[in-house]
Amino acid sequence: MEKLINKIQPLADPLGRMINGFTKTLGNLCLFVFQTLSWIPRRPYRIKNLFKQMEFIGVQSTPIIMLTGVFVGAVFALQTGKAFAMFNAESLVGATIGLSLAREIAPVFTALMVTARACSAMAAELGTMKVTEQIDALETMAVNPLHYLVCPRVIATTIMTPLLTAVFDLVGIIGAWFVGIKLLGIGEASFFDRLYFYVNLRDFIGGLVKSGFFGFFISLISCYSGFDTKGGAKGVGDSTTRAVVVSSVVVLVTDYFLTTWILEYFSQGPSV
Amino acid sequence: MIKLIDVHKAFDGQKVLDGVNLEVPKDKIMVIVGASGVGKSVLLKHMIGLMKPDKGKIVVDGVDLSALSPLELVEIRKKFGMLFQGCALFDSLNVCDNVAFPLREHSNLSSSEIKAKVDEMLAIVGLEGICHKMPSDLSGGMKKRVALARAIILQPQIMLYDEPTTGLDPIMTESVDNLILDMQQKLDITSVVISHDIASAFRIADQIAMIDNGKIIVSGTSAEFAASNDPVVMKFIGRK
Amino acid sequence: MMSSETKVGIFALCALVIIGFITLKIGSRSFVAAGGYEVSVVVDNAIGVRPKTPVEIAGIRVGQVKEIGLEESRKAKLTLLLNKDVNLPVDSVARIRSKGFLGEIVIEIVPGTEGVQSLADGGALNFSGQSGDINMLMTQFSSIANDIKAVSAQLRDVAGTDRNSPMWQIVNNLQTFTQTLANNQANFNKMAGNLAELTEALKGTIVKSRENVEDSLKRIASITQKVDEGKGTIGKLVNDDATVNKLNEAVDNLNSTLGNIKTIETEIGYHAEYLGHTKEFKNYVNLTIRPKPDKAFIFDFVQNTNPSPDRSTNTSTISTGGTSTTVTTNTATVNQNQFRFSAQLAKSFYDFTVRGGVIESRGGVGLDYAKGPAGLQFSAYDFQTQYDQRTHLKLAGTVNVTKNLFLIGGGDDLISQLGRRNWFMGAGIRLVDEDVKSLIGTAGGISSVKR
């Protein structure tokens, strides 16, 4: 018996620590989320901070969103166009791209791009503020760091991600339109007719709602990661990496569940 | 005013504070000295509730900090001003915005009044005309003075200075010492100053405490401190 | 330097405009303008129908399916949202049709009788069945096959093996009949002789009035020919037979699957022109086939008493005492009572119609203009010039008096060098599909329903 315990010990120890660490982190994260939410409705409303963050997250992400959007749409059109040509269904390219853009690609890509561009910066900035005691300084000045730093970022990301998703939707279709109609010679009328026919409003709005959730998740994760920074420059680097990795994974994983819940909820009608 | 009762604190098993008992009298200047890395900054952070003791109590104006909710803690912190050892200036804000930050958060002054007040504070710490510089463009001494201006701008009841004069030239050191004295005399501020500079400590202190090995080994008036027979203190003040 | 508020404002505005734009484009009510109205139709089977499925009249989109529900737990109820400017008589019917290989479904509405009270918001349409897809066609064909099977089964029953059955009796009668014939050989020979005499006598009579008969025979022949060529289906339509009915229906449906052949409009007409100068009549029999409203094939058979002359050049060599001379003679022959034909392709642009092809057996082109009941027709044909002829120009004005009757008048051969210029006036009758079918009577009920 003792022998067995001795054997298991080296395995069980790190496993236990891992589980312990994970639950602790998850607990802290939940506490963090709860506190952030409870601080959001409190005065004073930091409108200026909010707008600064919205500019950083939304306005300044627009070029990269448009660039990726156009090329994602274009590549998608190229691939589906080639594949659908094999069974004479090119006219469905528009509908396919429209549906997948509205439901999946635009929300997910936008969330990933915002993670890469804005949330990494968030984690790094908050991490630096943490290690240089700026967050402590805020507290000593009777300003709640969650209220001052986290709330504007979370609200801004939650608002801006859907708007960027809408931009992505549009430029994605433009990219697909260009490749599909100008290069592959798919009929413009059938391209758009099918698109309008098969893409429902609830797909589009569902996608936007989904991306709102993404925005909320990634900003909270990144802020938490920044607040959780320990050590100096290395710690900041670590927490930035962690923020991006965890955010991306969370986007891809929650995407499945959000799709089931939101889009299925939205499409409670008799059709797809 | 501030009372620490048997405060214990350890980081990952490393004991930093091991039963600290200390009372900071009201409207006096207390200087805390000690070797580097002994836990002075940690002690200071406990006083304002940035750190929670593993064991023991911190009582400010008769209120136990550990019993407070976060919102009540915010209220009590409005009594405090703190200068961080590393300045902790907001590097996304310029000098003026940094100094004006507490005013904007906690006063109803108009922006012109704020501007006047900020200029006055910067003049006091000897930094005029750097209003629009960013903290990253400042030298270490300049940062310290900006941080000092920010800490005192609300004229709080309690001031905590973590090494206010480290990194300053002798002339500037003296003027900062005078500033601390001035504030205490004119506004009846309770001050806690951490210092390595024993000369300046003697110049401003009403009380001096020495921390070593996680405990306060000596605490008393400057005279009592100077007369102490504790070998660590004697070594520290260079008395044979 | 813009403040971040301004930038965010501009960005948000753009994004909201994009959301609005996309919403409008794909929104479920986007097609039907505000103020559309709803009608419902109960169908047996709504497979493939979903919200936003287009609703069409004559291939033009007029609305879409708004929602689908179950009716009395056994049928499907479709709610259609129609443009408010679409007015449907209450006896209109709807049907489900599939288009193309991908089986795209549309709801087709066939408007009912004109002038009947129109359908109000919330009204109900009748369902006329699924059609157009291969499955339905197969069902229809198999039901025809069943009919045929039933008929042959009946025949078999009638024939049977029972020697007393009517079939066998007929056979027996026939046998007896031939027997009798064989027994009366002599009588038959006599009858044959009589017949030979009779025909001889008839022959004499016919030769006497031969001219008259020939003329009328010719006319009959030409008319039957026209009917044969122009209205090949009339033969079938005239034949009132259940199987043909079904076949017609099947053909109709097949047509609608294959294309819009069923929308072909056929028009037959006749008109006569009185030529004022030469005091003669010119008769036209016309067949116009319109596969699309703006395209037509026009065939005319023209009986012209005074046509343009046919010309020929004869070159003969005459030898007189070793010298030979070549003589060339130009002959212009006018063959009166000759039939001419026209075959033209026509295409319409707005109120104008351009046509061209063969006009009165000569190459020609024409331009028509029609506005309301009045129209102008201009034709130019017979461009041969090797005998100094001038192109035959004809300008005519038409007025439709009723849907079927029209008056015509104008000038003919306007620039003729031979003084053949002529004015004319006349009247005619024109029958379009429906009219033709109702004239034919028996065929009236056959395929007009599904138009």
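Of note:
By written order: A, B and C. Residues from 1 in each chain.
Throughout what follows, a contact is a pair of C-beta atoms (placed from the backbone, for glycine too) under 8 Å apart; a residue touches a chain by one contact, two chains touch by 3 or more.
The model shown is predicted, which means the values in this text are computed figures rather than measured ones.
Both chain A and chain C are touched by no common chain.
In terms of Cα centroid distance from the overall Cα mean, chain A ranks first.
Farthest from chain B in terms of Cα centroid separation is C.
Between the Cα centres of chain A and chain C there is a gap of 63 Å.
Centroids built from CA atoms put chain B at 42 Å from chain A. Taking each chain's centre as the mean of its C-alpha atoms, chain B lies 103 Å from chain C. Taken together, the chain A residues at the contact with chain C in this complex read 51-52, 54-55, 58-59, 62, 88-89, 92, 98, 163-164, 166-167, 169-170, 195-197, 199-201, 203-205, 208, 269-272.
By the touch rule above, chain A contacts chain B in their complex via residues 35, 125, 128-129, 132-134, 136-137, 139-144.
By the touch criterion given at the top, residues 3-5, 7-8, 10-12, 14-16, 18-19, 21-23, 25-28, 30, 50-52, 54, 67-69, 101-102 of chain C touch chain A in their complex.
Chain B makes touch with chain A in their complex at residues 45, 48, 50, 70, 74-75, 77-78, 80-82, 84, 86, 88-92, 101-102, 105-106, 160.
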